[in-house]
């Protein structure tokens, strides 16, 4: 039974990521599940409610390819480079389709994932103070402390239908081990109805480490072996972030044509992530 | 003609505001350079926190992203992001937070969300990220941005992060515990809040910069302190350390990444 | 400056643990700071508000010696053995003095520590449902979700004046590393105004471990080198729990006289924890 | 005369209620023995969670405390206690929770807090610990306790953990998501809730036990199901496995601990 947890990525996406669902691909700069994002694009999913603290290139690509109806996020830039041009084009010009924004702060999204993981209906924080954010987003409200009377910001819990992560390794029964920068990965994983994890390696036994970050098999829905699955982001102790690619992306994504051409050649035109990486290696 | 660039003197001026041992919430770009310059010069025990959860990190090169592996590898420890915001920042354990923005107003309020109306922006900016809660909870914040009449504005298009709100003690009357922006480091010098009104005023100039330069670069009638200090030029140590750091960083970011097989 | 963080235990207690303060000695079965508890007894502290999920033998001893005015707790037994007789005597017969109870569930205390660590005024949980606990404790209230209208249990945040932990090791600047069962130690540490940690060893450098559990020096107020400081509880990879002592304690604590005699001989009669351990070794 | 003890048949009866792969929140004492007996016999892939934060633990000997080192050393991972209660138990990820108590009433409500009034108890019991939220959130609970008219009572002195409250669907009308006590394993047999009233009734007896034994040990007029099953006696495998586990445990707990130097 547990061995059935390890499946091909295309099968995991086809089975669990259906049009219109709320999907979170998490990983804060580190371990961004690009392979899974590309497979969702290949399978031409539509009307997704995408959730991610930092949309990053992976959502710039999915939004530009028309997969998304709505975006829950807190910082939508290309780190250290500038804009996410496809995200901007969707917001500023509704291309290729309009995008609803559910905009928060990092602290707000993080708290909402924690509330989701705990199956509480909302999260509270000392946040959104003295800003226009609460006016811009009706999903930012307030709650009163029953002891002190103080008012605190409240945001609804985030419970994605599907959370997708990338990690270093999993064993054959579906236990997943992660290390390095974890962002809100664990909370996003625990908040989800379905959890899909792509990994660099499948091992017979996870390295024993009492307090290591492990997602136990009974939390994980499906595991897909996907080496390089976080490229061009990185995997601690496997490969580093391709900062040059992040810089190149600015020019690729700035223009609708060059973006479509690149996506056709590198994502739609590649059978899977291995083919995508092979194509980049050939071009290098 | 100065033998330093605008970015260099802004970085040096910011680094000098930091003290040894202070717990500093670092942003990417100039703040990251300033914090690491301080660490490599007068503040070896400064505690650098990046919102990615890397605590006490000592990067050899500046990260391009807030979560580069370099930060994790050189950190005292790496913790989940929700804890960074709840247990460290919100808990008031951060001494200094750095902020940048597209727009700043005279009370130090910041906009990094949109130019134009929120629902139909002419320019969609990245948004709040960690800034809103850094602005609220860090014991003090330092703002770094390049001055133009389009960045130092009379009126923000959107308030993403709170400075002194409408001034005159307005911030102190909220539940925000941080003291707010104590300095704006910009390309002619420093703005600091006036005690009573909280309005930013010119209190220091870089060598060679003038009050007229400052006024010309500011989109509101800029208040000028009774005495305007002229900052010391960058020392040779400061410039050499910063340039070596930048050179290491350019070299590292140029290095081609081996594509995973 | 940072080197001054490493101080003798007696000095740390004398400086920071004053009569009447709210003090939490945490550690869930593992890493219970007995040495610190004994030193508080030696220094004859009074009117303390003690906080601990599981009072265990350490609070049975402190309560029996009259250190406590109030107890916040969630389970007050001798694990696998039975009653904490000194706690029972205080509650049932006010001996040696009356003890106010602030009684919760594990989930409630855990959530209250988390709220304290986040400097929120209260914590919410789906807890205390269908029980008499909320009626018995006015500090259990409720809060309404501003999105769903659902009512949730609310408890005030716990922010001890002083939290005391025991851990495996610290470096000379006061960074502390813990592994094994951690209970609510980290949250109790982060919720406190003052954090004192006793450790098995002081090392030049902590073992590098990216995602290890570390309390950074700027969170830690004082570190005291105290080998065996968690005995008769245990320290993972140093010594194991003395289950036989926990069983023997039942007979020692059952009677006021035998309890006082034992405490006089083993705690008040011993200069410090090393002397306490030496005496037990001699008797063995 | 049976060739098993009361504790043994209670442990075997409880173990048989568990299935392979179920996620089980374990308490100390008989539940711990039952869960590990199941793991060592018909449920090798049962997931055992102790509230100390040890997940998927496979102890070779039974712990005396809920947090023995043995549990951490044999666990798939160890997590902070607040996460156990918030992210696993409250989140509804626990299939089975075990409970014990000093008092049980006919609707499966439990008291582990006080005998006598709360403010002036004749006997102060340990209190709730994890029980209250296990009772509320575990998908189902199994209660193990020895039956006497003082433990199976008509009226609780204090309600620490909710069973079916006043019965007749009262629990289902609350926000509690767990199904509540699905079996009470006691020393004459099993009580299970009647579908409509939620009242516990006798549905199974151990070999050699009688309905009169059950009635005599119960402090309220005990309802008896139309058909009362007689449970199979413990198998040789069950008894041998349990006795070997208990022998290892006694041996381990007798072993003198080297005092730290």
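Letters A, B, C and D mark the chains as written, and numbering starts fresh at 1 in each.
Methods note: contacts are C-beta pairs under 8 Å (C-beta built on N, C-alpha and C of every residue); 3 or more make two chains touch, one makes a residue touch a chain.
Model, not experiment: these values are computed from the prediction.
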| Pick the pair with more C-beta contacts: B-C or A-B? | A-B
| field | Length of the line joining the C-alpha centres of subunit B and subunit D, rounded to whole Å | value | 57
| Centroid distance [mean C-alpha coordinates] between subunit D and subunit A, Å | 41
| remark: Rounded to the nearest Å, the gap separating the Cα centres of subunit A and subunit B is 28
| task | Scan subunit A for residues touching two or more other chains and write them down. | result | 118-120, 125-126, 150, 180, 182, 210-213, 236
| message | Multi-chain contacts only, two chains or more: what residues does subunit D have there? | response | 72-73, 78, 86, 90
| message | Chain contact topology under the given definition, line, ring, star, complete or other? | response | other
| query | What pairs of chains are touching here? | reply | A-B, A-C, A-D, B-C, C-D
| said: Help me check something: in the complex, which residues belonging to subunit A touch subunit C? | reply: 118-122, 124-126, 139, 141-148, 150, 152, 154, 156, 179-180, 182, 210-213, 236
| For subunit D, which residues are in contact with subunit C within the complex? | 28-29, 51-54, 63-69, 71-73, 78, 80-82, 85-86, 89-90, 109, 113, 118, 121-133, 136-137, 158-162, 165, 171, 174-176, 253-254, 256-261
| Tell me, which parts of subunit A touch subunit B in their complex? | 28-30, 53-54, 73-77, 79-81, 83-84, 87-88, 91-92, 103-107, 110-111, 113-114, 125-133, 136, 150-151, 180-184, 186-187, 200, 227-228, 231, 234-236, 238-246, 277, 280-281, 284
| field | subunit B partner contacts - residues on subunit C that touch it in the complex | value | 1-2, 117-120, 175, 190, 209-214, 216, 218-219
| query | Okay, in this complex, where on subunit D does subunit A touch? | reply | 21, 23, 45, 47, 55-56, 72-73, 75-78, 86-87, 90-93
